[in-house]
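Next come two complexes, and both contain subunit A; in the first it sits with subunit B, in the second with subunit C.
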Partner chain A sequence: MEQLFDVVATCRISDKEVLVNQESILYHSRENEQDWLSTIYHHIGLQYPKFFKMDRLCKAGILGAELLLKDYTYDHETVKDDWGIILMNAASSLDNDRHYQETISEDNYYPSPAVFVYTLANIVTGEIAIRYKIGGESSFYVMPDFDEELMRELLVQAFNADPKLTHILYGWANVDQDQYDVRMFFCKRRGNIKTSINNPS
Partner chain B sequence: MRNKYHIYQKSHYIISPLGKGSVCNYNTISMGESHLQSYSGYWGIPEPFFASIFDENDIDLHRSSSQGQAYSRFESIAITAAESAFQRAEINPDSKDVLFIISTTKGNVEQLEKSKNPDSQSDAYLWHSAQRIAGHFRNPNTPIVVSNACISGCSAQLTAFNMLQYNDLYKHVIVIGAEVLSKFIISGFQSFKALSPERCKPFDANRCGLNLGEAAAAIIYSKSTETESLPDDTIIMEAGAVCNDANHISGPSRTGEGLLRAIHKVTEDFDTNRIAFINAHGTATLYNDDMESVAINRAGLQDIPVNSLKGYYGHTLGAAGVMEVILSSIALQNHNVLRSLGTENPGTAMPLNVCMQNSNTNGDAFLKLISGFGGSNAALLFTLNQHR
Partner chain C sequence: MEELIYKLKEEIIDVLNLEGMKPEDIDENAPLFGEGLGLDSIDALELIVLLEKNYGIKLKNANEGKEIFKSVRVMADYINEHKTK
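And now, the complex of A and B:
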């Protein structure tokens, strides 16, 4: 079948390092006292104070999206309904679910709406949609592991199903028991498409 | 764009606190019955709440595998719904041309209360639970879990539609929506001040929040290159769309932006005069119902009868989109528009034609709307196959 799209940017965040387009940009140094996600935030110069209110899955997802998009210029103000976001992972929001569970134990029952709101896996797609004004398809899937074939199939179908989608931010964002695994891709439909984005200069 | 295949409902099944079977549930609610009631001191939750919860002694909540391994409440109701849907469709679930898609928001989250050690919480992983459900039927494919908050059930049906449309390996996709309640979910919605202390009142001027409910529902979707060979009154899924508001993670857009875009995507090239009714999300929270009224008016569909089924079942989260499509499909087949139970005096930001009594319709299509946390919105369009 004819290739529908190209992957125009990639990023990876593991416990040890950060890669953009397969080049390492940051190593995790044990001496650093700051937590790893905040270290990345400061290293890439992101300015988004809301970041610090988020749970770790949303922080990891926002960092992934920023790494993919930071060198592009595009319309930051208008909601782009020709952009979509599709993310997947294995642990859904369990990292934050465990945190919320601690707030509702019998001897210490103080359920917090600020923690509860992050007990849904797709809040990360929502946070990314808000930050980058992505108004098209937004979906979150859960599967046992980084299943390249299945993930790619869902991506191809999204491009097939909505001919108006020009760009999809897609990939894997998993946070579980202090382990980070973000592998995200920025994909652009092939062909002569009308779009508001400019390639990195 | 013309679709390659017609995607249609082959069979379906609902298990809810109101009854077992799609038609049983439909008949019960068409008589105006609901299982919503007050629960006090339940599951160690300090504050009382109004909800629709399964009878703890129901055998369908306590199933086990052929090897005697006990399934959770969540897995048990999902398996019950799927098993009955497969029996009705006369399809072998162990075939590789059958794909499982499971819609849930929290699955077995109650497991976290039972085991504090992350290493023994495998049952809380949604994929693990999904594998047990698909594994019960010896299905060889990796089941896909859709976890898109409240819109999961409709997202899952759209994924099923796309899988059938674009992947020739699959002949049938079963979409299973299931949710059980727990201290985890109820305390969270209470902390959000989103729950109504009485039966919810969708689209009512005095609505004051939602009720939560438990249910499982399954639909088997199949495909055909033409509709002539399909039986009369088969329900066909014409189109679906998911759009994000890109506005707020826990509140809908006041202008109904994402929902409006989703409605536009599914109704373009469709004669909206055919739409018999809109089955809205209608959770009975102030913001959701206002937002839906704005989106429906902006789309120019405000004269079409609108209902919400939350007054019968409460909000069944991951099951809602699947169960409500089944009930709306049966209503369409019966040329009936179900009453929006709980609505007394409609009063939303923009006026809606809320269905106050069961009524007849000549339309041959319905529109399903749903919205949720994460800013996501979905619209699905269904038609009735008629040869005459």
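And now, the complex of A and C:
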């Protein structure tokens, strides 16, 4: 089958390390008093105050997207209808759901709208879309493990279904308590768009 | 009133997670939404919760917030007038 797309950037965020294009850029030092995601935020020089309002899943997704795109030349100002997002994880929004449950477990509790809005896993795709002005299709799947074969099928389907789609930010973004497993990728449709669509295989 | 304004700024920074911001950084006369602190609709809901939780003020409808949240000073005036705790 003809390869429809090329992976142009990869990133990985684990509990211990951050890798971009398979090169380590940061180790997690336990001496650092900041939480791990804030440490990464400051290390890469991200300037996005909304980051601090997000739950951990969205923070991890934004950091993954930033690591993938920071060296890529693209139009930062215009909404890109030809870019899409496909993400998966296993824990859904459980990390934040648990946090929200804690906030409403006390007597005379006051539910926090800012915590409640993150009690859906696919909010992370929306936050990435807003930050990077991605206006194409987005989808989020909750799976037991990162099924790379299924992901590849989804990418092929997405590129075949939408002739104008040129880039997809995709991967696995799993966060539960202090356990981080982010494996994100950025791919670009190969060659001439019409040629790829007219000759899918 | 100045004491309340300072306390309110601290509370706003805390509930809205305004990372790296100090009370001194907030102009009490500047708009909270739009050009000022650039807050959004979820932040407005958090401020409504703050009024109820910290000052016992229940807004009858969310539209009242448009007037009350014009600036920290306007908000402090409203709290001074309506607080129940």
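Points worth noting:
Throughout what follows, the second predicted complex is superposed on the first by the 190 of 201 C-alpha atoms of A that agree within 3 Å, B and C clash if a C-alpha of one lies under 4 Å from a C-alpha of the other, contacts with A are read in each partner's own complex, and residues count from 1 in each chain.
In this text, a contact is a pair of C-beta atoms (placed from the backbone, for glycine too) under 8 Å apart; a residue touches a chain by one contact, two chains touch by 3 or more.
The model shown is predicted, which means the values in this text are computed figures rather than measured ones.
On the superposed subunit A, the positions of subunit B and subunit C stay apart, so the two partners fit side by side.
With both structures placed on the common chain, the touch criterion links A:H76 to neither subunit B nor subunit C.
The three-chain arrangement built by superposing both structures on chain A places subunit B and subunit C 80° apart around the Cα centre of subunit A, to the nearest 10.
Legend: residue contacts after superposition of the two complexes on their common chain; A:K53 is shown touching subunit C, with no touch to subunit B.
Once the two complexes are overlaid on the shared chain, A:R98 sits against subunit B while remaining clear of subunit C. Between subunit B and subunit C, more residues of subunit A are touched by B. Using the contact criterion defined above for the overlaid structures, shared-chain residue A:S112 touches subunit B and also reaches subunit C. When the shared chain is aligned, subunit B comes close enough to touch A:A121, but subunit C does not. After overlaying the two complexes on the shared chain, residue contacts for A:R190 are found with neither subunit B nor subunit C. Figure legend note: subunit B and subunit C, brought together by superposition on chain A, show a least Cα distance of 7 Å.
Shared contact residues of subunit A with subunit B and subunit C: 111-113, 117.
Within the complex, the subunit A residues that touch subunit B are 79, 81, 85, 90-92, 94, 97-98, 100-101, 104, 106, 109, 111-113, 116-117, 119-123, 125-127, 129-130, 132-144, 147, 150, 153-154, 156-158, 160-163, 177. Taken together, the subunit A residues at the contact with subunit C in this complex read 49, 51-53, 110-114, 117.
Residues 15-19, 38, 42-43, 45-46, 49, 52-53 of subunit C are the ones that touch subunit A when the two sit in their complex. Only residues 1, 44, 46, 105-106, 109, 112-113, 118, 121, 124-128, 130-131, 142, 144-149, 155, 158-159, 161-163, 165-167, 183-184, 187-193, 241-250, 257-258, 261, 265, 373-376 of subunit B touch subunit A when the two sit together in their complex.
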